[in-house]
Each structure stands twice: as structure tokens, then as C-alpha cells.
Amino acid sequence: MLTKQKIDCYIKISLRAFLIPSIVCTLFTILFLTKESLPFFAEVNIIDFLFGRSWQPLIEPRSFGVIPLIIGTMHIVIISILFALPVGILTAIYLSEIASKKHRKFLKPILELLAGIPSVVFGYFALITLTPIIRIIFPQVEAFNSLSAAIVVGVMILPLITSLCDDALQSLPKSIKDAAYALGCTQFEAVFFIQLPAVLKQISASILLAISRAIGETMAVTLAAGATPSLHLNPLKSIQTMTSFIVQVCLGDASSGTVEYHSCFAVALLLFIITFFFNGLGKLLIRKANNYDY
Amino acid sequence: MNLLTETLLECKNVNIFYGKKQVLHDINLKFPKNKVTAIIGPSGCGKSTLLRCFNRMNDFTDGFKLQGQIKFKNLDIYDKNTDVPRLRKNVGMLFQKPNPFPKSIYKNIVWGPKINGFKMNYDELVEKCLKKAALWDEVYDRQHESALALSGGQQQRLCIARTIALNPEFILMDEPCSALDPKSTNKIEALIKELSQKYTIIIVTHNMQQAARISDNCLFLLSGKAIEFGDTQQLFNSPKNPKTKNYIDGLFG
Amino acid sequence: MTTRKLQNKLFVMFSKTCCLLCIFILLFLVITTLIRAIPELSFYFLNSYPSRFANKAGIKAALVGSFYLIGLTSLIALPIGVLSALYLEEYSNKKSIIKKTLELNISNLAAMPSIVYGLVGLALFARFLNLGTSLLTGSLTLSLLILPIIIVSTQAALKTVPKSVTLAGYAMGAHKYQVVFGLQLPYAMTGILTGIILAISRAIGESAPLIIVGAVGYVSFLPTSLFDSYTVLPIQIFNWAGRPNEDFHNRSAAAIIVLLLVLLSFNLVAIYLRQKSLRNKKI
């Protein structure tokens, strides 16, 4: 007889069954990444990989030093953060402290729209619209360059920084602001000397999460930043990031078992570890910030 | 206490622990049928804890442990074989803060009977319960609107209505008026008096005047111990225990 | 004016400028793309296959491919994601190590770069399970990508159910499944749907993982089985934007506009749902 207790039992078992694919997926992701990278590290010394300054995996003479890719990725990260951080924080301050409730109501969805635009669209914009504009100011800029890619990556990570900082400022109790103004502060002083320091953890977390996102960005850099791994620091020239290298190999003809194929996974594993680190730190900071009882 | 009154609920040597901390000591009580029994005492003395034992809502609290027996109609409700949802159907509960479901007024009342498999004319049931809870006149023309649009007092009366829709034998009330204004409180107190003709009610209250107004019997708890239990008028006018006298005179809580 | 007042004025001005800058960037992006795209948009564009000639190239294969891919991905990822989250939030032992490890894993995976998902999909589905560069591989890979997002947002939605409602349900003699499916799930439903819509919007715009698992840029047929090759709109955009021919850039712009319109409609549904849920829960 189908009693209610039995129904409860069956439902619990069925739901547990749906949990299995989730467990399998999360396990297998990390497993396969490692498994497919191992053949690479069997052929290439890990020290040479991590600290080598020449990356030429597809043409003879081959070299597998990943530093050029890391420098390429850093081009993107540094320039995008330089753009997104001040603009993001100031926008968050405007939305949270200065804008009227009416304005805030329609400004926030606009920022969410910006966050929803796929990266391939930004890649198109960087390559086709932005680079010619940059050429007007810097005529020596190459067709593929890290500057235009980095600017659009900055636009991509901007909503992340803005929404996190806005949430943080909104969560501050009103009493803190009241105390500051009662002492005769201007709005600038209250924001910069009282409110922002109070949400420093969340701001740092937003930076870390934004860096992680910038490191993992693929389509914009693939379209606009080029495929020349090198050690230069000139944003007007072409580079290659870890992510665009992976795309390059996969668009080519790498068959399974070759060093090129496995080098993809080695770079991906490195990418995973780096973003995992930044993400973990960012989330830890957010958790610590939320544990505070005002 | 009049031993000829039928006992519905009985506590035998009940000791209750939250983890290692003991919160109720040696409770031995018999709650009579069709009477209103008030549980009074200062904050934190275990009133709500004792109340929540009677419909096993304490099961949801971490570290809860009960020693002894609580018998409802002579069956131990903490026995392993107890059908707990069935127990809860027969023992209704009203919470301190009104908590109607985020559904319409109609659906709030009908939900309990539906999930317990009652087959009846739901429209009639809703009308009957709303009338019994003195809410019909105020909401008869908006039964299908959200229950959350009602005022606090109306929401609490709706909670009463949905509780009696299940036709319980017992109704437990955990400080049902503490979140309400005096006017709503009066309405609900009048309701409790009327309901006690059909149902047995145990009400926890920190308001001594309320206990004196509406209850037939009174239990005074202090630091987890049952100090005195008896007829309300007698307990308030000539308490047997000096601690009871001190509380009533206002020296405590 | 004193320095403090001047400082304050400049500060307010800068903040406002930054906010307006964001809006300006959005408008600039859309308008410049729109200018290139409008001459190209036509029913012919929507209804033709890609071609070597820019003026004959269309997005039919890409649109249909996207549609099939997202449909299949939703079919796979939604039940697994929502029901896993339901189990984790309501039925699992709060202190279980499996639960804590799984939740940690899921929250980390939710932030993993999408290209890494592509590689896992390549190794696991395309090569190990021998599914090749098919529609099935693509949707399994995308399911892998959006699964953590759905689980995290469903759990968050279930957490918003007030404890008082849950306790009231139990107090009325309901069994666990009646409380979960009759009270908690309906309450959390709009939150869950919003999370699902956002996850699907993300999947629609993804191209990196699909490139890795072999969705190609030149498909001149519609996929008829799970094992056919396919292309999707973002990859078509990528493919055309990367060509030196200016006309293909314009076709790419037109495809972008179509993609943005699809995403916009999803976003509007999500906003509507969120407003509706706020209205129903007004206390």
C-alpha cells in the first residue's frame, strides 16, 4: 500500500539518483584535466614549462616555456583592471549613494544588460570598431593588439565590480553614514574615509573575482589580440594569452596523443589552478565580510 | 484538580535536554479535556519548549532529547512507531508571529485538509472555519486574494481558521497575541474562550492578566520546573507555593 | 569655494560621469554594430546557409543549431540541476562531508573559465565516449557548464523560503514531500526560474567551449540527429568576424544583432519574473 511514508522514502531515493550525475561531473572535470595533462609533463620538464621564456609548441624547434603566455594574459588583466576598477567603484558609489531611487531603478538593469552581452560580441567590437579608433591616436598600433582586447575585457568585468561594490555599500547600516554626516563630513569624505574602508573586504573580493574572469576570458582576446606569444610589454602589439593558445590549437589539426594536444591541457590545468586560486580567495573574503555583525 | 475531568494529555517524568543543557526537570502533569490551560512564567523558563513537545515540533531543533513519557490519549507520542504527521494533524498549533502561507486565504484553509486527504465540500469548509474564527465578515468577498495582504490580527485569525479546518482535538498556542495590537488581542481572546467549548487549548503566555482572563487552569513554570498547577482563580488569589506568589506579585519577570 | 566643497563637487561629477560612461559604452557598442547590421538584415539573411560570398551568407544553420543545442542542453541540465539542488538543500544531512565537498566543488566550478569546460568536453565526451563533434557532445559540454550555475541559484532560491512557512506546514500534519513540493518549491519557483533563464542566456552566448568540441563555422545543412555536426550563432559571428573581407564583418554585425535580440527577450522575461515574485511576497 502506498503510504505517505513510502512516498517520502521513494522521493528521497529518486532525488539522490539525480545527485549522481552532479557528483560525477564535478569529479570528472578535474580528473580529466589532470589525466590529459600528464602525457605532456612526461615529455616536458615542469620547471621548463613554468619558467621557460620561449613558447613555440607547434613549429620546430619546439619550446614549451609558458611565460610568454602568462605575460600575454597579464597584458589583458592589468589594462582591464586599470580601466574597470576606478570606473566600476565610482559607478557603484554613484548608484548607491548619489543617484535618486528612480534613476537607480533603471540604471541597474542597464548594467545587467551589459553583463549579459556574450564575449564574442565584445571580441568583434574590439577587432572591428575599437582598433581603428585606437589607430587614430596611435597610428603605429598593429591590427592585432592587446590594448583593444584589454579595454573590452575591462568593459566585461566592470559590471562584476560594480554590482559587488554596490551590494556591499547597500548592506552597510545607515547608522554609520548618519554618524559621519552628524560630524559635518561632505559626501566625498563620508564615502572615501568611512564607507569605502568599511567595505574594503568586498572591494578586494570584487577585484580578485574580476581578475579571475579576465584571466579566463577567451573570445575577445582570440579575435582581437592575436596569436604571437612573446615577452614584450607593448600593448600596441600582438600577443597570445593562455586562452587564445588553446583555441588556436583546437582550430588546427591536433590529433590525440601528440604533444600539441596535451600541451592544451597542461595550459588549461595551469589556467584552472590560477583562476581557482583567485576565485577561492575572493569568495573567502566575501564570506568573511558577511560574517561581521555590525 | 477535579479528577473526574477527562485527561487528554499527560506528562510522566519528563526531562528535556538541548545537547548537554537540561531545560525542563521532572515534569508530571495531566492536562484536562475541553479546558483552557495557560502556561505562565518568566522568559526562558521553558514554556515554549514544553508546548512544542506536545506536537513534536521540537524534533526540528538540533540536540533535542526527551526522557520520560508524553501520552496523548494514553499513547506515548515519542514512541518509535508514532505516526508523527498524524499526531500533528490532531494537535493544532498557533505560532507567536502569524505565519499564513503565501497563498490565497481560501488556499490557506484548504491546504491542510487537502494534504491529509479529507474529501469534502471545500467552499463550505472555508466558510465554516472563517465564521468560527470571526473573520468571515471581513474577508468573505476576497477569499481568493493573498493572505499576506491582511493585517496582523486578521492573519492570526486566519491561522486559527486553518488550524480548526483540520478538526484537531487539541490546540497549542505559543504566545499568539504577543505580536498583535490590543484590539486584535481582545478579539482573539474572545475567540479562545469560545473555541474552548469544543477544543482543548494550551496557551503559553507571558501576560499574567491574559492568563487570568481566559484560562481555566494555570501552570507556573520557573527555571524548567513545574512549581504549581491548578485552577486559575485559586492560583492567582491564593497560590500555594511562595515562588508563585512572588511571581504573581511582580517580583519576577 | 573651499577646497572641501570643490573636492566634493568634483567627486560627484566624476561618479556621475563614470555611470554615464557605462551607458555610453553600451549604446556605442549597440549603435555601431546596428549601423553595420541594418543593411544586412532581411528574411533572406535569416533563412540561408553560410556561403563563400558575403552577400549570400545567412544564419539559418546557426539559428537552428543554437535552438537545437540549447533545447537539448536544457533537457539534460535542468532536471539534474534543480533536483540535485533540491536534494542538497532539503534532504541531505547538513553536516555530511559529501554534501560539503560537493557544494565546494560546485561553487568553484561555477567560476571556471568556459574554455576549460570545452577541453573537458573534448576529452570526456568527444574522445573518451567517442561521441565526436556532434550535437550531443556540444550539449553535454554546455550542460556541464551551466549545471553549477543552476544548482547554486536553485539552492539560493530555496534558502529564501521563510522558516515560519515551513514550520506551519509541518505543524498541520504534512509529510516532508508535501512541505517540500507543496510549500517550499512553489515559493522558490520564481527564483529558480530566474536562475534557469540566466543560465540559459549564458549558454546561448557561449562559443569558446563549443569551438573546442568541434562545432564548425561552415555548416550548410540543418542537423537532423543527435550525432550530426552543427554550428551556433556565436560561432558564426566569430567565424565571419575573423575574415579579412569587410562584407563578412557586416554579416557578423547582423548576426550579433539577432543574438542580442534573443538575449534581450530572455532578459526581459527574467526581469518580469523577478518583479512578479516581489509582488507576491509583499508582506
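Before moving on, here are some points about what is shown:
Letters are used for the chains, namely A, B and C, taken in the order the chains are written, and counting of residues starts over at 1 for each.
Criterion: contacts are C-beta pairs under 8 Å (C-beta built on N, C-alpha and C of every residue); 3 or more make two chains touch, one makes a residue touch a chain.
Note that the structure is a prediction, hence the values are computed from the model and not measured.
Taken pairwise by the contact criterion, the protein chains link up end to end in a single open path, with no chain closing the loop.
Taking the mean of each chain's C-alpha atoms as its centre, the chain lying closest to the overall protein C-alpha centroid is C.
Annotation: A-C is the more contact-rich of the chain pairs B-C and A-C, by number of C-beta pairs in contact. Chain A and chain B have centres, each the mean of its CA atoms, that are 55 Å apart. The distance from the centre of chain B to the centre of chain C, with each centre set as the mean of the Cα atoms, comes to 49 Å. Once the centre of each chain is set as its mean CA position, chain A and chain C turn out to be 16 Å apart. Annotation for chain B: residues touching 2 or more other chains are 85. Shared interface positions of chain A, i.e. residues touching 2 or more other chains, are given as 4.
In chain C, the positions touching at least two other chains are 175, 178. On chain C, the positions that touch chain B within their shared complex are 162, 164-165, 167-175, 178, 182-183, 187, 280-283.
The part of chain A that touches chain C in the complex is made up of residues 4-5, 7-8, 11-12, 15-16, 18-19, 21-23, 25-29, 32-33, 35-36, 86-87, 90-91, 93-95, 98-99, 107, 109-114, 116-125, 127-129, 155, 158, 162, 186-189, 191-192, 209, 212-213, 215-219, 222-223, 243, 246-247, 250-251, 256, 264-265, 268, 271-272, 275-276, 279-280, 283.
On chain B, the positions that touch chain C within their shared complex are 55, 57, 60, 85-90, 92-93, 95, 97, 99-102, 111-112, 115-116, 146, 148-149, 159, 162-163, 166. Chain C contributes residues 4-5, 7-8, 11-12, 14-19, 21-23, 25-26, 29, 32-33, 79-81, 83-84, 86-88, 91, 98, 102, 105-109, 111-120, 122-124, 127-128, 144, 147-148, 151, 175-178, 201, 204-208, 211-212, 234-235, 237-238, 241-242, 249, 252-253, 256, 259-260, 263-264, 267, 271 to its touches with chain A in the complex.
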